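For reference, chains read A, B, C, D, E and F in written order, and residue numbers begin at 1 within each chain.
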Amino acid sequence: MITPWMNAHLLTFLVFAPFIWGVLLMLFPERQAPLVKLLAILGATGILAIAAVQLLRAQPDVLGRVAVERFHWFSAVGIPVEYHLSVDGLNIWLVILTVFLVPLTMLGTWHSLSHKAGTALALFLMLESGMLGALVAQDLLLFYLFWEAMLLPMYFLIGVWGGSERRYAATKFMLFTLSGSLLWLVALLYMAGKAGSFSPAVMAQAAAALPGSAQNLLFLAFAVAFAIKVPLFPLHTWLPDAHTEAPTAGSVILAGVLLKLGSYGFLRFAIPIFPDAALHFAKPMAALSVIAIVYGALVAMMQTDIKKLVAYSSVSHMGFVMLGIASMTLIGTQGAMLQMLNHGISTGALFLLVGMIYDRAHTRRIADFGGVATKMPVFTAFFLIVTLSSIGLPLTNGFAGEFLILNGTYLSGFGWGRAMACVATLGVLLSAAYMLWMVKRVFWGPANPDPESGTAHLHADLNLREIAVMLPLVALIFWMGIHPSTFLAHSEAHVARALVQAQAPAPRGAAVLPEVK
Amino acid sequence: MFLIFALITLLGALSVAFQKNLVVAGLCMVITFFGVAGLYLLLANPVAAALQIIVYSGAIVVLLLFVIMLLSAHEEEDAQSVHSVQRWGSVAAALALAAGVVKVVLSSGFLRGAASGPAPANMNLERVGTALFAEHLVAFEAVGLLLLAAMIGAVTLVKKDL
Amino acid sequence: MQPTMCATASILHGSLQGYVLVALLLFVIGLFIVLSRRSVLIQFMGVELMLNAANVALLAFARHWNGDVQGTVFYLFIIAVAACEAAVGLALVVGLFRHRQTTDSDRADALKL
Amino acid sequence: MSMSAGELSAILPLLIPALGACLLPLAALDKDQETVKWVRGAMFFMALFCLAGGFFYVTRLWATGAQPSYGALHMDRIGQYAGIFVMVAAALAVLQLWDHLHQEGWVKGETLSLLLFSVVGMILFASAGNLILLFLGLELLSVPLYALTATVRLRARAFEGGMKYFLTGAVAASCFLMGSVLLYGVTSSLDLAVIGRALGAPRPDPLALAGAALVLMGFLFKISAVPFHQWTPDVYEAAPHPISGFMSVATKGVAVLAFMRVLGAGVPAPGSLRIQSALAVVAMATLILGNLAALAQTNIKRMLAYSSISHAGYILLGLVAGTPAAYSGVLFYLLAYLAMNMGAFGILTALGLVGDRTTFDQVKGLGWKRPDLAIAVTLCMLSLAGIPPLAGFYGKYMIFKELILQGHVSMAVVGVLASLVSVYYYLRLPVALFLEKPSEKAEREAAERPAIKAPLAGAALLVCGVLVVAMGLFPGTVYKVFALRVVENAFHFVR
Amino acid sequence: MELLARILHISPQTFWMIAKVIIVFAGPLTLAAILTWVERRGSAMIQDRIGPNRALLFGRWRLLGLPQLAADGIKFFMKEDLVAEEANNTLFWLAPLMAFVPAMMGFAVIPFGRDFTEAGRTYSLSLLDPGNGMGMLYPMAIGAVAVYGILTASWSSNNKWSILGGMRASAQMVSYEIGMSLAVIAIFMTTGGYDPHQIVAAQAKTWNVFPHIFGFLVFFTCMFAETNRLPFDFAEGESEIVAGFHTEYGSMKFALLQLSEYVHMVTAAALIVTLYFGGWQIPGMAHPPVLLSIGAFVVKWVFFCWVFIWIRWTIPRFRFDQLMFLGWKVMLPLSMGNLLVHAYFMHRWG
Amino acid sequence: MAVIVKKVELNWVDRTYVIPVAMGMFITMKHFLKQLFTRSRKRFTVQYPDWKREPAPGYRGLHELKRFEDGAIKCVACFMCAEACPARCITIEADEFGDLNRTQGFQEKRPAVFKIDMLRCIYCGMCEEACPKDAIWLRSDYEQASYDRLSMQFGKWDLMNTYAERDGKARITQDPTPTVPRPPLQS
């Protein structure tokens, strides 16, 4: 009896089950924290299981969608708003990534939530709801609702369970994100007024009828909102603060999923609705992405805090994603898709590892460590694998994504594309530099002799729970590096469709559409 | 006659504005009200004139003076700081407003075109009463409520052992 | 020039224009009192003058519309309202005075940004 | 002289609370009201009972779709909407008053009576069809509020706030009156519809314009839009918390409703076009000033007061857009505003912040003690900030969308930026509640004070929180059942 | 009338107006002056005394003490005119006038005799002709203003007692005016008009005092309050506040204040007669001759003036809280009840 | 000696005031009518300038300054009366005469000026109470009126001579030399 219902309302279930589960968890008293943690992890795992099984097993329909829900929700002020959720090739892996990361993170941070764990986990589940909702929403207003709804749990996660500067970081995060999205809302409402609908397809038609300058402005409003989330270079300043101050779990999810929503927004909405404008702005976007790559890497190199370093490496990596999207080529965009997943996995894993060492040493300063390898060999092994993946060593996932992106950029239609690809390649080198330098300073060499140092506090290597968390991640890293087409296959058609709209007026770009397989 | 009453009204009001002494200001108010009542008489509305005197002069200002005497606040207190900005600002604003008013009145086509028609019969209580209880019954009841509310409010505010 | 002279003359002789002018000037004076004076009681008088100004205009208009009885009815209501305001306002003045021993609105400054 | 059933049904929603208001002082005559709990309970129950009676009556009217009128009193959709709106707000306020007055040690039946009078005035104001009733409604709603502001006489600031409210309110009422007199003079009619038609003439007389401007001032004062807003923070700070909440919600709402009736009576034309542009300027100023001033506040009540000013700005934006859809958006917004602002003010009572101790410092860390209340108020705050998917978002959404559709994109941008600013100060309350540790002094004080019990206020707050969420989840239903019907049935200019 | 007018070379209306003004101003004023004597003599007799009898006219005729009037007048004129140093000079001077003038004005609407027609013109025996639209509202308005004389006098004296007197007077006037108005309104209602002429004409059959006995009681009591006469003379209650509002007054200003009280009394008596005792009507005579009607009016009028004095020397002064109690909790409900009962009966049978 | 005042409880008839007032008016009218028909000579009133009543023994009228048999003033200018006077109407200037000490006993002073402002005096008798020498008495004379203020300032001689005629003493206008020994001061 539950199966047919589940099939019909799978997405609704996916979106709202974590939320309801979280609300239920909040009802437990504080002293039963272990039980709550267990329940939370079980719930999240259950959702992961359902999502993975149901989504991957389902047969896609004509439009490549594996699950759809669509009905009229309400129509305030004359414009109908639809409750339209669907999972297709563009978002299926992101959805699975999300449901995958959440239980892992919860398990990985079992001990790090010292107080009010129940509330934190509940917020975490609510955050999962928001992210899943935003990923599967196909109606722009619905998307906007989920988009904003993600903010609050994250805000409180940073604000309550964060580090010493948590209020500053949380407020900055909130205001940055909101300022973008509110302006976007204006553009959104404008478009909705023009189109009479919140459906992206209808909107795209309406947008095509608008004059070019209007399109550009509207696209900018969309793009700025998404770019803040990504974050693209000049708008990135909230990210290091948020990452540094957030608790480990928050950082993982922030890096793993939240940032992806920005680039996903580009792919799903901004570019399909305003293809002309997107093309018009492709070059500046690419330029900004390149700056982000190089700048992020350079700044990361200067960091003394491991977590901040990882945070800036995020800026750099997300710059790759944006570069791939901005290249407006199938190959580049596919690379971006892959890079999104890569970054989710590897940076998430990095943050988890940083959290693990922080739980032991209570410090994250690079200078406080040294010779960790001697004390924690298993941990070092995992860290090294993830680092290499982050650098983009062939056979790890990072390589596949970055390669495709650089390839796409090189082939992109606009001028300076090759130069940009070259400069971006520099980013890869730099990432190797900062990561390996950090690894060297932290893990190798003699143990830090200072009894107050972080190394001195490291007494135990990873326990079984932590290994259990890391193993699937490492497995994924290699799987994606060796056989990326598992992940690329789903999205190809969609990316192509999105890009065809963008490329149509510019046959020059269409000419360079290569076959991936 | 109009001119006389109008002048009484306006000069009375002006002297309220510039009178330091609260009681004298109150008495100037009474003068103003008399001027206004005179205007009402000229407007063929003796009922209004009588009520003006009964209610405004007979009740409201008496109450006001009563409070002034009760609080023995006969003189306006001296300014704490030099409020010349506020003072002159309000003078300027008032002058500007007055000029605006004159302009509006002079430029109003409606007023200019208003010929003084045949003098209507004096307003009397019968007509007023009929209108009051036929058309405006709801309003009348509302005023009753308003009075009650004001009474309860005033009692609530100042009764010693409420 | 001529119309102005004419207007002046008709105002002086108590045309509708004249009454409205007097009413509005009275209104402005009342407003001025409220704005410029410091004593709450005088400000209160200013409010009463403003209500009166409305009354003058009202009855002038009522007369203009052939002795429209509605105007007088409205006038009655306004008087009642003025009485209500007087009651509550004076109660507030008395209460304020009990607390702070002043009727000066400038000194009632406990509530500020 | 007998009344027809229709006339009776038109006046009954006013009559029920009025009856309660008249009877309550009799109950309050009992000198034992300070000591005997059941007397107090009976008074509060009576007030709630009257409100509930009125409420059910109006909702029945609403459900049947009847729009009776009695003379110039039109109990049409606007009136009924106002009735529902005001009575819900008043009921929430009464619930909170029970706790607040006990905390302040000033439990008086007269307070409830005045509240009910104000309720009657508000409904009258919103359902008035001619200038006389409109003015009387205005006075009947304000005069009790003047007194209510100063009602807890033990507080030193009470009278000051009351005095300020009275003086400014009386001046505004005088302006309103003068304006309506001028309108009457030009049109020879007191009927709003006739006046509206006359104002719609291609070139209205300057006198009529002056009158319209003065009337507009009166409304703007009640809505607390910017040049006429100075009273708001002082009065809200001085008044008892539930009364502040009630004032901020009901007064504004009713003023907007009445204003909509006045605007709706006149067919949009050159005259009203000028009013629209004036409104636009006012709305912009209100938004900017309200939000910026709210940033600087340390007192929760003052912050909420400035926030209510800024919300006046959003509402005015809706009126600027001026289409039926915008009007219905405003109506939805008002409902949302009712829930969220009553909740926001409710937290003060629910946490037992007595007197002037309503700064952010006083609530630091209290969220973990009463998580249910804190979550509810956080929801209200987020809704005030317009964060989806809560009720406040949809209100803003509808207004902004109409605004954009009408081509006022820049205004929408300003509005959006303003609401961005507002997020900062709205978050300060959740931040203080959850994110900050109480200062040692506050903890010591809290330990010395007896435990605060505010079950009713807490319940009211939770109700508000639930309403905020519910309206966020089912905006379509609320919109269709409440907001749209008003516009469909009460305005005759739906295009 | 025509003849007299022609002799004076003015129109009959003007002549009649002048004549009326003279009558209306001279009549009450004279009566008031005489009343001061009556008060003294009457009080003396009530208290088993003789009263003033020392002043002799031309050193010979005692005339029951009447020359005392002239002596007093002369004395008032001759006395030194003192103004307290801290007093507000202007208002101190104006106050007696402000008390006196309204007192004189109140009489203007009272019809003191039957209208008569001569040479096609109707002459009505009241200063303001009927149908002026003010009717009985006029004396009520004037009565309302009368308090300013007392208030101004009391405040401008800058004397504690005076101010207390003034405050009492203002509170008292405001309180009693309401009951009074409601009582009068009941009469308006039953009469169907509010012009004194109409009211008098409507009393041809029955005087209002019979149907309106409660209204009469209220009105009568309120008149005492409005005229500041004992038992309600709180403005000057000399046992508590020296001489109240006129503590600082002397000489002619005091005389004016004192006289205004008497004029008030005269007007009040005339009002009572007009409203409740049929004015100039004589029971049993439908159309009395004009002079007879004037006579009837004067007789009633003088009688009520005497009643004022009579009561003064019978009843002691109330306490202030009793006064307020009486005004708000007895007079007001009573007059309201009166109004409602009459309204009911009119609705039922009228 | 406390007086117990019983609170009068009014019944409802009394509280209407109407009937009691009517009764009172009836009483006053009775008096009025009775007087109206009584000849004035038969009324109780003392028609003052013509008829005068002898004041009661304790009456406090105009002051007298007492003197010894030799005519010298009893007052020793001790200022007690001036101090005691609530109306502050007594002005004294003392005069020393030490050389006459022996005949005078221990008395060293007498008033050079003893003035009472009769416009201020309230005839309370405090000076009489205060006087250690019984030198000032308030007696029966109550007819003091004059046409100017100055003549209401009673000096030492006025006060000593007012009752002289009535008591059969000579009027004096200067202090006589004391001849009779004074009684010694009581300690």
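One rule holds for everything that comes next: contacts are C-beta pairs under 8 Å (C-beta built on N, C-alpha and C of every residue); 3 or more make two chains touch, one makes a residue touch a chain.
Worth saying up front: this structure is predicted, and the values here are computed from it rather than measured.
In a view that ignores chain E, the other chains are joined by touching into A, B, C, D | F.
For the pair chain A and chain C, chains touching both partners: D.
Each chain gets a centre from its C-alpha atoms; the one nearest the centre of all protein C-alpha atoms is D.
Centroid distances from chain A, each centroid being the mean of CA atoms, peak for F. Ranked by the number of C-beta pairs in contact, the top chain pair here is B-C. For this pair, chain B with chain F, the centres built from the Cα atoms lie 59 Å apart. Chain geometry summary: the mean Cα position of chain C and that of chain F are 62 Å apart.
Chain E has its Cα centroid 33 Å from the Cα centroid of chain C. Distance from the chain A centre to the chain B centre is 70 Å, each centre being the mean of its Cα atoms.
In chain C, the residues that touch at least two other chains are 20, 24, 27, 30-31, 44, 46, 60, 64, 70, 73, 77, 81, 84-85, 88, 91-93, 95, 98. For chain A, the set of residues that touch two or more other chains is empty. Along chain E, no residue makes contact with two or more other chains. Touching pairs of chains, sorted by label, consist of A-D, B-C, B-D, B-E, C-D, E-F. Considering their complex, residues 1-3, 6, 9-10, 13-14, 16-17, 22, 25-26, 29, 32-33, 36, 39-40, 42-45, 47-48, 51-52, 55-56, 59-61, 63-64, 67-68, 70-71, 73, 76-77, 79-80, 83, 86-87, 90-91, 93-94, 97-98, 101-102, 104-106, 108, 111-112, 114, 116-117, 120-121, 123, 127-128, 130-132, 135-136, 139, 143, 146-147, 149-151, 153-155, 157-158 of chain B touch chain C.
Those residues of chain A whose C-beta lies close enough to touch chain D in the complex are 73-79, 81, 116, 119, 141, 144-145, 148-149, 151-152, 155-156, 159-160, 166-167, 170-171, 174-175, 178-179, 182-183, 185-186, 189-190, 192-193. Against chain F, the residues of chain E that register as touching in their complex are 42, 44-50, 53-54, 217, 310-311, 313-315, 326.
Against chain B, in their complex, chain E makes its touches with residues 88, 91, 131-135, 137-138, 140-145, 147-148, 151-152, 155, 163, 166-167, 170-171, 173-174, 177, 181, 188, 193-194. Residue ranges of chain F in contact with chain E, taken from their complex: 17-18, 21, 24-25, 27-29, 31-32, 34-36, 40, 43-45, 47, 49.
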